[in-house]
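Shared between the two complexes below is chain A, which has chain B as its partner in the first and chain C in the second.
Then we have the complex of A and B:
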């Protein structure tokens, strides 16, 4: 999949901007007001989309972006006026959807052939409506505004003016160095870091073509004020490439030709930019440069390759340092070097893992949109609370939780939250509340979807499950959690009526399947009338786990440490068997079934007596059991590899890993063994 | 053996046409198209994987890549034989799936013209007939030419998964 780099960048940029825009819009709509910052942001986004789309010849997108830009231009000019928020953001959001749709068409190598005409018409009619209500104010502002944007680019202002010296410099470039205007621009750009006001002649260096000639003839005149010392500035200016001549003077006042510029600018700066000025002052000038993190985007497959490679290195490191040839040798220096190597490989591994970590905030914020749209359709007022959005998880996992999360939020909205009247009748606040929470706990991440709706109906779930033959036990014998977990089974839906969003009984089992595939578990808690809570427990990362190596016959198996509760050597008389030969063991008054791994996997071994081997007590969510193995080998960090596709899936095996000696160890899938 | 392999790797796709790697399983000589063969390695430690058909002996670690190995003897329902230093694993790559075939020993690389390949007799008595796509004549000897696709994917595996 190689696309033109330009197109690639466009797609990336557009997708990001759209997501950013969506977030802003929903935030604004929720708070029913739109700040200057938000307006500027939206305006900026629309402007970028407009110009880059036009450049890429995606006219439909460009036209739509243009009309939305007009809209926000108007809003910016008339801030504080009453705005029809609902219509405005409905329009903006459908605009976003349209652009997103087109971009994804482009991404799939299709044609961006959708028509944005209707949206554009809507937009212009909305604009007309607004204009009519605010007709008078426009006249005053618009002319002035147009002028200032131009000048603002070429000037820069920050901080106060105390302790600053004014300088004037004239720069001549060597003959034939070409692109004088770009070079001049670089000078201005570099000075921005130290100077707090800059004026220069010719004033529009990049935009105008005459500037090149002008600089060649008259030199580039620049006036600025700074608190840096003269020598320092001189040093900096002398570093300019192709510099022929530099005059640097410390002055009390700028020369007349620059003064003209200054005065002109001051007038303009006074009014419309006021708010921008305030923004600048809020953040101290020093941090501006520090805050700009340099970020690159990397193809995920490259990261996967890197991770694989690091995994190989970890294995190879163990292969070298634990090489059987070294046994019994006194190798002081070798051991020292080996320790250093291990330290570095561990660090390398940590860093690679951290590269792949992404905060869940993006995924969480996408839910805002779903809550908004559905709340409107279903006529329910809902507030979405997000906790712990900065929690980081592996990129692979993020991709897998987005869909399940969407299902869960939809379910909560559709089934969980009651109608307004019902809520008021039961003494709850009119506005429903859905909470999305993410938190770290040990090696796991918990993602919790909570609502304060009507909760799950235990009885009807049980009855329905019984009717479909999903449960056989009596209701009294089952815990609440066990009953609730029935809704995760395929084909189960308690909702009598199928709605647009949910109720076909496919949602929850898809959720479960998705979560299962990343090694996560789901547990459901609910109390009637107070709401329900669905928590998803997922591992922090899939690629490297802590495992306990055990031996069964000649084979080696890895049991993930997270699922081990304890291991112990049983006494002969502790193991009891029922009439069917099912073995069990009592541990502190609780009976656990025993699974002998050599029997399950049909492995030849000499260790069969219960007191010869080792019991490993493993647990998974609700179930626990003892696994009987020959012996323990040790704890190890292992790199998880998938079984070859030809073998597909062997039951009870989650994957495999390569041990330090080059042998393969199979990783047990504890939950599927417990389900036997 | 390594020399044979190097020769194979150096040759381009075109010159691979009509070339077969021959190996023995029991008394019969089998041929496999050279373009499927990635490499030939000696027998290695095999990690057993539970709940697989008996002829899939398990998985091996081939320089960090994990590939399943099939015992051709067992695949053709012959008696199992103890592995010795002549036993080889022929690593083949079919449609991106790498699989190792355990064979008694590897013989040579030979040219067989299309004109010397005849279809197998149309009798269903021979139990491994369905894996043989043709019979190649070289001098007085005959080679059973294997159909790699069928060797790996004849639905038998799927059936086993369904019953498990």
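Then we have the complex of A and C:
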């Protein structure tokens, strides 16, 4: 990551703001209500994006943000007016999409070359429409304001004219400093402390924007009288920021162009008081306290490095404390210190893991947008319920579940939920409901996507699977779950017609692949007419797991503790074999197949008699079996390392780890062993 | 003595931009605040020579913060960071005693010019 730090911050902030904005917009659109706080928020986000993008020279983004800012400025100023929510938020959301798209181009080292012209045009035409509808109110407003600015009263008009000197100053500002009229106003305002009788040209520096050009061309001419010394005045005027040129002259009489003003006896006022009040109302005091204060953002690659390092420390700690050289030695003090070290490394590990944990809320809330867009297109009214969004999982895992989740939500909307008429006919509420739920269960996190749609058609799934040769057993022999799990197989799609969103054949198998890759499992439940529920079980973290070390011949394997139900020493007569030689064991009246690890991995071992070794009963979602190993070594926390890329298709192996003595242990992939 | 600056802006990007530009030109940035409220707190502790205040910020805007800072320290030198179209608010800031203002988007040259009077 050698990107320029400024750009890095820009990308990070823009992405974050867009997501924030998207959420607010969808919320507002849904409730058909837009509160002061939301308006201010959207306005502020656009304002920030406008400026940052302009500074990074991403003009298309800046221009678009500017036009949206204008739009919300208008809405803010004309509260309570009728707003065309549909069009407004369609525009805002397309705006967000555009900016997101451009930012992701920038992120991938591309050019932000998209054109925002159409969106800008849309925005200005929407603004025009709104202005037209609200025209009368604006008229009233502007007349009020005009009146205010006509009152010019000097706060220093009295005072004795004795001992006062008249001065004339001409001020030029630096090119490109902008808002010259307000800068001129600053001069007048500050002179009031020492001068009275102030006249200036251009005259109208508050309302008129022409004065800006005037000041750029001719400078700001100001005449005043004061009893202060010339040096003092000069010093004060020289402090003006962006001052390019100052001419200050002591005069007997003001030049003719200022004299004209004098005759009119125009009086200068501190400030149109009414407009000030209006401004105050614009920003109502918010009571939220700064929650971002105590949070810093860290590049994820640094966290990865930290995690790697902690992994190494965990391994090294085991290498030291379990060093073969120490065997048989009386080491009371050493052991004490080693225990302390172990305690600290454990704490360190916990903290590093917790740093990497992020709540699923972001990923969940992204689905709001999909539900909104698809619901609109398919003309289905859908409510998205989110439960347990504060549930945390490792950052690496979050990245892997976003796509599958999106796919599942799309499926639910497209195939699961019925058309309005169908729902009404079957006595369901018109509005469909999709629930996203996350919860912790032991070392796992469950992510559940539930809908109250028509449910899966068990019969047609079975038929189709049979037709494609995916199942051999009779329908009665299979549980519902087993039948439903066919939809996860590659090439399976029950939907005959391809819609815009799903049914293109790439589907659930991709979801399964994604979830498999992070060691998760999927299970499907459904009842016809009432809806379906797809739960994804994923590990909290990929990096460090609790494992049981087992020995097979000279090799060592690690079985993840979470998939172990029990381990025991079998008796000879408990093991039975069918006519094909497949071994099985009865445990409390249930038969489990036996897989001998030495057979699976072709390892030479002395331990072959079923009463010599140990049985480890493992399970995943639906299946369970006994693994036959030589002996148990012990329970240990292991740091998972991926297999080197040159070892492909190691079926049954999920990864490897380095043991305390420097040996390598292979980590078993229980679900793939059970799938044999 | 390098002049010490406190930067206030809700956008991290803006804070970093301004910080880089000021530090390259002989100013010391001694603190950053992401809203007006924090700016006031930090101003009281750090007592900077100059404080920059963005106008549009959540929780407390720049003008409001300026008023508080001015009440605490009459001689406070505050540079407002504003955008085109905010004339009315800038004027309010001037009345509240803002030393000057800079318009976003700005470049390094603009910042150098604006701050040259404050060195």
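In this text, the second predicted complex is superposed on the first by the 519 of 676 C-alpha atoms of A that agree within 3 Å, B and C clash if a C-alpha of one lies under 4 Å from a C-alpha of the other, contacts with A are read in each partner's own complex, and residues count from 1 in each chain.
Here is the rule we use: contacts are C-beta pairs under 8 Å (C-beta built on N, C-alpha and C of every residue); 3 or more make two chains touch, one makes a residue touch a chain.
All values reported here derive from a predicted model rather than from experimental measurement.
By the touch criterion defined above, A:550 reaches neither chain B nor chain C.
In the superposition on chain A, contact is made by A:312 with chain B only, not with chain C.
Touched residues of chain A were counted for both chain B and chain C, and C has more of them.
By the touch criterion stated above, A:34 is placed in contact with neither chain B nor chain C.
Residue contacts after overlaying the shared chain place A:52 against chain C, while chain B stays out of touching range.
When the two complexes are overlaid on their common chain A, residue A:653 makes contact with chain B while staying clear of chain C.
Shared-chain residue A:645: touches chain B; no touch with chain C. By the touch rule above, chain A contacts chain B in their complex via residues 312, 315, 554-556, 600-603, 641, 643-653, 656, 658, 662-666.
If you check the complex, the residues on chain C that touch chain A are 10-14, 16-17, 20, 34-35, 37-38, 56-61, 64, 79, 82-85, 87-92, 94-95, 98-107, 110, 113-115, 117-118. Within the complex formed with chain A, the chain B residues making contact are 45, 47-52, 56, 59-61, 64, 66-68, 97-99, 152, 157, 161, 164. Listed in rising order, the residues of chain A touching chain C in the complex are 5-6, 9-10, 12-13, 40-41, 43-44, 47-48, 50-52, 54-55, 62, 70, 73, 174, 176-179, 181-183, 185-186, 189, 206, 238-243, 270-271, 275-276, 279, 283, 285-286, 288-290, 292-293.
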